[in-house]
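The following blocks contain the structures, represented as structure tokens.
Paired with chain B in one complex and with chain C in the other, chain A is shared by the two complexes that follow.
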Partner chain A sequence: MPQTKVLQVNNLVTAFRINKQEYPVLNGISFDVAQNETLCVVGESGCGKSVMTLSVMQLLPANGSVKSGSIKLDGQELLGLRENEMGQIRGNKMGMIFQEPMTCLNPLLTIGYQMTEGLRRHDKGLSKKEAEAAALSYLNQVGVSNPEARLRQYPFQLSGGLRQRVMIAMMMSMRPRLLIADEPTTALDVTIQKQVLLLLAKLKRTMNAGILFITHDLGVVAEIADRVIVLYAGRKVEEGTVRQIFENPQHPYTRGLMAAVPNIAEDTFEIRPIPGSLPNIMEPVGGCSFHPRCKEAIARCKSVIPPLIETSPGHMAACHLVGGQTA
Partner chain B sequence: MTSQATSIKHPGAVSAAFQKLLKNKLATVCFFVLIVLIILVAAAPLVTPYLPEDTDVTSRLAPGFWGKWSKNPADVMKVKADHPLGTDHLGRDMLSRLLYGGRTSLLVGLVSTGMGLFWGVIFGMLAGFYKRLDNIIMRFMDLLFTFPGILLAMLIVAMLGASTFNSTLAISIWSIPSFARMVRSRVLQIREEDYVMAVRSLGASDWRILFHHVFHNTLPIIIVVATMRMGSSLISISTLSYLGMGVPAPAPEWGGLIATGKNYLWQRPSLIVIPGLAVVITVICFNILGDKLRDILDPSLKD
Partner chain C sequence: MGRYIAKRLGMMLVLLIGMTFIVFGSLHLASGDPAQMVAGASATEEDIAAVRTSLGLDQPFWVQYGRYLKRLVTVDLGMSYTTRQPISQEIAIRLPFTINLACAAIILAIVIGIPLGVLTAIKRDTFVDNLLTTTSLVGISIPNFWLGTMLMLVFSVRLGWFPSGGMTEFFWTPLGLRQVILPALALSTASIASFMRIGRSAMLEVLQSDYIRTARAKGLGKASVIFIHALKNAMIPLLTQFGTSFGALLGGAIVTEQVFVINGVGTYLVNAINTRNYPVVQSTVLVIAALFILVNLAVDLTYCVVDPRIKYE
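== the complex of A and B ==
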């Protein structure tokens, strides 16, 4: 069934300026997120996951900029918008949850102040009292116990899980169309992690929003994702439904990622890492950027960048070895 | 409900810091010395019957209450109960001059610190937050910094003429760069904090981030710098007055009192010892207080 696309990203190129030279970090990435869908982005540290979210939010650090491509939110082009127009969209139409809940709240302001601040900016007619009532109901919805007291507390009085819930409540109170979660569970322990994931899934359903979920935890992916894209060195190397990716990974990198997760059922309990590391963005690799680490690499991998090939409906991989296209 | 609403707004950090301050004996003493001083100075008309400019030709260069124990019978004769700190060469009551002079000194210190703080914080926040303004603002601050402080103040007074207002202005201009530097360095740190990114992702404007989130977090450092600055401003106004470039005579000011008293150094040393002590004690108290406040406010408050 065709669903409404909340976010459509086309051929996104983001570059960073280091010593007066531009180094592309994202090389033409395309993806979309539909309503009521969770798209997980996986890849190892430094592959461009976070840069991707920051590009979408347009919160890149000063030396980074989007060079080309298009980012459409509900059909509205975001690139080229002025900063104050972007400010209207951030929070209102898309919200972000960060990795580190411990540092994402202003330590000197109460939870209540920080929550009502956003609410009242969002809805100018809201009185202080109404904003507080709304904040209470959102805290209730995310399962914060004793929300009345929490409103009057400072962030240091809250645990990490609670702070992440507060962050989620804050973002939720803006009722965004798109939720961007950048490793929201990495800093939490496993039980809290599960609760936060369930909460996000519930939110997605009740608000009919799309979720763009960044993680490198494949367990989390299996739990929450509808579709998955795999990034490597700023390129999308594979895309598919969560089933397709887990049951039939096409790209050697994806297979490597899967194999690297220790299987608790096995006796040996061995970790099999992918040898080598990501190429330095300042010394780009010709051809497929994965070829120096790829066990299956062939001559063509060193010279030609593999295109994305659809191997089955909705399942794409960028590798010369898929789709019977052997050299 | 209103009380609840206001309780959300006020950070409890200030009162918490105050409680910590009172646990430190030295800081507590300094704090109360300053409070007593401010009360005395504010209530000067109740403490002394004389105005600072009232002359009493029958009693010139009288010693204070300590004259009673003097070995010189002439001194003992001169002691008057209503001039507890003695009189100067025109027979003006020293207690009145000290208290009314303290009004001027403290007020000039306060106003110049306040003005320096206001502009310093604005410049510092803009320089720290906006990279393109950073160089322009901070190089200008460096320019101000290259002048030895009192020289800069003297230069400004020399250009504008000696008056209480002009010397206040001069001292506040001199105060701006120290505030700007401290605030800028703090803002540079805060700007990179996750919560700034988080509120930005919730759609907050630059203005809102600067004045609601960044400003709150610079407050501890502003309080510390302001307290220390009060001491230096006091010294500056006293120095300027001593050199005849501050508060014009005959209006009393601590530095000015020392300047007139120095001519009678051998006859009546109390004329310079008393205002000198007043300056020293006040400045030391402000500095110790600032120092302890830094211990309390600087490293903590993050958690």
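== the complex of A and C ==
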């Protein structure tokens, strides 16, 4: 089913400047998100998931910058846009929900103010009353009880789950084409997490938006993803539909991630984390960056970066051992 | 909020009583015989003894302190040993000029210091930032009596732009403004620098916070992000600085008044110290301390307005 691509990212390279030296964190990442599609990005802590989302939003910290590549939103190239041009796009065409609901809202401004200012920024003709009405309807949609009262409250009066709903309502009310969610449920307890995920899935359908969803929880992936990309040390090592990734993981790292999850169905609660740790961005590993931790590594893994190989339609992995390439 | 205010008021009262004790006690211990001062250099032993009895100076410490407190409640600050006038009246004439000077100085500190703090935070690590941050060090370390003298020499004596001392009107009249500008400038340099430094660090911290990223993720422009989202949060440490600076300004005003020949409570206090005029010293210190405590109470109450977390406590 050919669908309109909302986001197309090509060969994205992002680097951080540390002690006057540039260290790449993303080494040429490509992916896209279609309308009404949820793309999940998984990978260990530190592999570059957040940096990827912030690169797309162009909200990187001061010492980080996109070095090369292309980021297109609805066909429009975002790299090279000026800050005020990005201001027209952020919120309006792409929204973002962050991991920490407790600190992501301004403690000194009311929920109502924070919900309406974005709306009024992107629609100059909108009156305060109209903006509040819109905010109310979205608070209702995300299941916030007593929304009129909430508008007059401050973030500290709301629980974490409520704040995250407010964040979602706030970003959705601007009707973006793309919603980026960076571990939006990690800080929430399980039942609320479930509600938030259901909500995102519903909103995606009703608004025909694309969702770029970051998580390192494979349970969450199974629940909401259409497609998945697996990130390792700033590279995409595998990509496929949820089925392909879960039923037939190709990359040893993906298989390692799967094994690290307790399998309730098979009654094995034992968790087997992948031994070793991510390479530090300041000491990159030659060849396949996963080879020091890979039990299946061969000589070539140490010297040659494996290209992405399509093993079946839509399913790609970057490993020397896939696609009949065994040495 | 009611509980918060009640707590602040209670604390203020305790502080005030503590202040009276310290002021009264320390002067009681100080050397020099006030009875002799009152009686004059040519007085005989008997004269001095008579004065001592009439002023109650022969009574034990606690009795004297008790009497003192009792009079304070009725705003009776006693008589000046030297002029024989009620001290409350003498202070009432002078205090407005000191407050005038301190207010002018704090206004300068705010309107110059805070914008510079915001500017240096936004322009972090650039030439402008480095220049201003270094200059602020000079501002903090420059003694204000020296700066005051220099300002007076250049702008009053040489250029004749401002009167070279004295204060007869308040800063909102044209003459009052010309009278206050040099002393306020000399007095406020350290506070300008403090406001700038606190403003800078507060802004830097706030600008890194998650809610600023959220504000930017909504597509808000630079102005809204800085002036609505960031500055409001940075106001909290700045408010604290306001209370501290006001205390420093009152202390500095004592010296500045001397330099610019302003007849405020600072001059009054220094003269009283020189003549061992105990009741005047006590009362002036007490009034200055009370003023400082009141301003800090006002600061505490302002937190309520700025920070909803306190308002709804």
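Quick note on the criterion: the second predicted complex is superposed on the first by the 323 of 327 C-alpha atoms of A that agree within 3 Å, B and C clash if a C-alpha of one lies under 4 Å from a C-alpha of the other, contacts with A are read in each partner's own complex, and residues count from 1 in each chain.
Rule of thumb we're sticking to: a contact is a pair of C-beta atoms (placed from the backbone, for glycine too) under 8 Å apart; a residue touches a chain by one contact, two chains touch by 3 or more.
The structure presented is a predicted model; accordingly, all values stated were derived computationally and were not measured.
Q: Give one word, clash or fit, describing how chain B and chain C relate on chain A after superposing.
A: clash
Q: Name the contact category of A:151: first (chain B only), second (chain C only), both, or neither.
A: first
Q: Regarding the shared-chain residue A:129, is it in contact with chain B (first), chain C (second), both, or neither?
A: The first partner, chain B, only.
Q: Regarding the shared-chain residue A:313, is it in contact with chain B (first), chain C (second), both, or neither?
A: A:313 sits against neither chain B nor chain C.
Q: Is A:84 contacted by the first partner chain B, the second partner chain C, both or neither?
A: Both partners, chain B and chain C.
Q: Contact-wise, after the overlay, does A:121 reach chain B, chain C, both or neither (first, second, both, neither)?
A: A:121 contacts both chain B and chain C.
Q: Using the touch definition from the top, say if A:75 reaches chain B (first), chain C (second), both or neither.
A: After superposing on A, A:75 lies clear of both chain B and chain C.
Q: Does any part of chain A touch chain B in one structure and chain C in the other, and if so which residues?
A: Chain A residues touching both partners: 57, 59, 83-84, 87-92, 95-96, 98, 100, 103-109, 117-118, 121-122, 154, 156, 167, 170-171, 174.
Q: Can you tell me which positions in chain A touch chain B when the two form their complex?
A: Against chain B, chain A makes touches at 57, 59, 62, 83-84, 87-92, 95-96, 98, 100, 103-110, 112-114, 116-118, 121-122, 128-129, 132, 151-152, 154, 156, 167, 170-171, 174.
Q: Help me check something: in the complex, which residues belonging to chain A touch chain C?
A: Per the stated touch rule, the residues are 57, 59, 61, 83-84, 86-92, 95-96, 98, 100, 103-109, 117-118, 121-122, 154, 156-157, 167, 170-171, 174.
Q: Using the touch rule from the top, collect the residues of chain C that touch chain A in their complex.
A: Where chain C meets chain A, its residues are 208-211, 213-222, 224, 228-229, 232-233, 306-309, 312.
Q: Can you list the residues on chain B that touch chain A in the complex?
A: Going through chain B, the ones touching chain A are 1, 4-5, 7-9, 11-13, 131, 193-195, 197-206, 208, 212-213, 216-217, 219, 301-303.
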